[in-house]
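In the two complexes that follow, chain A is the common piece, with chain B as its partner first and chain C second.
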Partner chain A sequence: MIETNAIPAFVNRGSFIELNGRERAQALFDKGSWRELVGPFDRMVSPWLPMQGVAPEFDDGCIVIKGKISGKPAVAISLEGAFQGGSIGEVSGAKMVAALDLATIDSRDGKPTAAILLLETGGVRLQEANLGLAAIAEVIASILELRQHAPVITVIAGTVGCFGGMALAAGVSSYVVMTREARLGLNGPEVIEQESGKDEFDASDRALIWSIHGGEQRAGMGLADDLVEDSVDGIASAVQQFVRAGKPAQHRSEQVELYRRRIATLDASSQIDPLALREQWKSLNSKGRTQ
Partner chain B sequence: MEESQLEGENAMSGHIGLRGKAWFQALTGQNEAREHDDPASVLTADALIGDEHALFLCVIPNPGSRFPCVRDGQVGLDEGYTLAHRVREALNADKDKPKSQKRPIIAIVDVKSQAYGRREETAGLFLAAAASSDAYASARMAGHPVISFVVGHAFSGGFLTHGYQANRILALDDAGVTIHAMHKEAAAKITRRSVADLERLGQQIPPMSYNVQDYAKLGLLHQLLHVESPLEPNLSEVNEARSAIIAAIVDARKGPPDLGVRRESRAAQKSRSAGNAARALMEHQWKNA
Partner chain C sequence: MEHIEFDYPNAQRCITNRAHVGVVGSGDMEVLFEPSEGAGAHVSITSSVNGFRDAWKAVFDRFFSKFDGSVRIQVNDAGATPGSVLLRLEQAVEALGK
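== the complex of A and B ==
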């Protein structure tokens, strides 16, 4: 006999990961407060994909929603991991940069507007190569502008992860929120294996991948600010908390001396044990807080 | 064409970093890392450009690096944080100076890529790259003219870390110069194409091209500079490059400290018309949302 009250909690918890990019962005806003900008009906498509026999999407895999979170102005920019791996092309990149720049203008005009980046992406869309890379440089520049006035919150929920140039976008964000299912790194496992060989990185070793790039590891090391469960409520409330917190006193990517010292003391003579590094940095982080 | 392609291939296999070092030495008269605790891969110099002092930075191969995956000139953990440190040093030193007196920062670029290594990923290479990008962009936003001079390769994460946050980008007009998101062999593998197919596509689709003249069509470059001897520039070529850098500094000081010029340039109005149209529509809809 199965007891009905034995259903574990996660079954009833609304999964965030199971939502598509558009639903994820919508789920963050105060009810009835939001509107999608340059949406699929505007048909802003990549001009480069059809030239290569690839079907474009009417939103180019980038969803921009403006509205209110905890009563405060905010814009969410969500990359659809199911379209071309969430990659950045000319149009998706331009939408992202424009939304960030407009949030900066509003913030400067006395209406601080937070940005939430929902990143599921492998980085540059190789079919648009140099325009993708250029767009990423501009995304980074625009995040750095906006974060002087309002928080930029990156959410990596899963399952694509956040890799390539867009990992720098996460790196310059005010806050990074991850789930255990999420991954964050400059190079994905397949790319390292391809470039440096299986001895360097075995891309089929899932335990290895998550021990290095996984959300638990990144948050444990202090490279992400919050580790949350995969639930709509959990992620929405983490985002609300950071929107209310406003911009941090110092951003992680400004803490050059701290990380430079840590890298200087790394033993690079063999591979670095991820768990040992996490414990070491975690204890340094807690000491740092009391200074 | 065949010959110049061959030179490009050679540059890809063996010469990365040599051009960077040659130009750094030619422009600054120096060729060393700043201090003993800087890695030998990061060259830093204070040198005159025109009548003012500038900070010059360059990443070169360091075969003796303690990190195996950066020894061929890739940008890794030490490189990212050292660049960030040196740029922030200049930023702090000039923080009370008026904008017109903030020193120019010149990134000489010849970088293979980011480091493809497990050590690097474990210790958070993305943050080292972000910290360097942040430092360059912060210098630019504070009013430093940041000029990038691409003399060899400028690939993906390597270029994002070192050079792509500049107000103005100059590049040598030469077959050994390549600015791209990923080197040919890897891009071919990942997109399941042959290298020959990829090259053919590059001729039709400018953002995919590995040719710097096609890159120039995208509107992201300030200027292409032609020299006869990019590996060993002679005095007149060095002077020509110096004049071009000085002109770029003047131009950067006149304009806003953002990257708007890269989408507003005449070439970008054409090549980036789809992105610009999306931006215009976003501006229009934003006001009414």
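== the complex of A and C ==
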């Protein structure tokens, strides 16, 4: 028989990554404070997937939950990574946009409502190409609107990661929370390898991929605000902390000059490795001066 | 993609709850259980994998040999094995009871 104290803590922790999209969203809210909007029983399915021989999902892979986090109004929008790679189609995109816009309306009416985006997605759903692209543009516009009133918090837990157009949504959000297992990037490794060759980026080299796209590197570069262990409590408390903090004085994506200068001062004479990039970026502080 | 329907007119026990379990991920499925509108149970399956009508029939025959609820069941399937299907159905019954 195994004694309880012999079991390491990581075995007993409640894993966030092992939850599905719906359970992840539910786990963030104050107990008993939430309800799901446009749930599976409403059957808002993609009309396009069955036409292409793909079984749809009753929530189109987008779960919207409204409730309270740390006693403050919040809405969580969770993409189900297991359904079509968490991709954004017409219906899932429309659900996301409507949820963000309702949060903006509430926030304008004096009830600041934070949005939490749980992004496990490869970006646009290829079967709904143009509609998915349009949805991404609308999502970004809605985030830019809402973030003036309340924080937009992106959580990338893994293991799908966040790529494509939804990486832009992560980029314009107020805060980004990642785990070590999560990845964030515009083009996924396979796309880069396909376009530029295996010499440029070897998509089968997992260590290389995580050293560039992984949560640790993204937090090290300042592109993610918090690096947390994969646990329900850890991620929920990181989200609570940012909900309480409210919107930041300045969003990352507003610091255009800083990032321009960071890129301009990179020494590209030799291959830059991920660790060196972190150091070089850190040496330029938010006022753009070399420390 | 294939659409399959079954009727189980002998499942007459009144059900008032509804349940949703599962995800349409590779090798998995989602299922909705709702009170039936008429008498008996009705099953409607949308599967990405074609040609398994007999296997679906066998799984649901087995399920309804024990379950007698008058329900409308809707399945979206992405290639769940018969074993997974039965587990999801049993999970949904458990969720109905909550």
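Note that the second predicted complex is superposed on the first by the 273 of 291 C-alpha atoms of A that agree within 3 Å, B and C clash if a C-alpha of one lies under 4 Å from a C-alpha of the other, contacts with A are read in each partner's own complex, and residues count from 1 in each chain.
Just so it is clear, a residue touches a chain if its C-beta (ideal position, glycine included) is under 8 Å from a C-beta of that chain, and two chains touch if they have at least 3 such contacts.
Here the structure is a predicted model, which means the values were calculated and not measured.
Per the definitions stated earlier, placing chain B and chain C onto a shared chain A by superposition produces no clash, and the two fit side by side.
By the touch criterion defined above, A:80 reaches chain C but does not reach chain B.
Contacts of A:41 after superposition: chain C is touched, whereas chain B is not reached. In the superposition on chain A, A:254 makes contact with chain B only, not with chain C.
Legend: residue contacts after superposition of the two complexes on their common chain; A:21 is shown touching chain C, with no touch to chain B. Of the two partner chains, chain B is the only one that A:66 touches; chain C does not reach it.
Between chain B and chain C, it is B that contacts the larger number of residues in chain A. Contacts of A:90 after superposition: chain B is touched, whereas chain C is not reached.
Legend: residue contacts after superposition of the two complexes on their common chain; A:50 is shown touching chain C, with no touch to chain B. Between chain B and chain C, the smallest C-alpha to C-alpha distance in the superposed model amounts to 15 Å. With the contact threshold set out at the top, not one residue of chain A is in contact with chain B in one structure and with chain C in the other. On the side of chain A, the complex with chain B involves touching residues 35, 37-38, 42, 44-48, 51-52, 60, 64, 66, 90-91, 93-95, 97-99, 102, 124, 126-138, 140-141, 144-145, 164-165, 167-168, 170-172, 184-187, 191-192, 194-196, 200-201, 212-213, 218, 221, 223, 251-257, 259-260, 262-264, 266, 268-269, 271-272, 274, 277.
Interface of chain C with chain A (complex): residues 1, 18, 20, 23-26, 28, 30, 32, 34, 46-48, 74, 76-78. Contact residues of chain B toward chain A in the complex are 37, 66-67, 69, 77-78, 81-82, 84-85, 88, 114, 116-131, 133-135, 137-138, 141, 156-157, 159-160, 164-165, 179-182, 186-187, 189-191, 201, 204-209, 215, 218, 220, 258-259, 262-263, 271-279, 281-283, 285-286, 289. Taken together, the chain A residues at the contact with chain C in this complex read 20-21, 39-41, 50, 53-58, 61, 80, 82-84.
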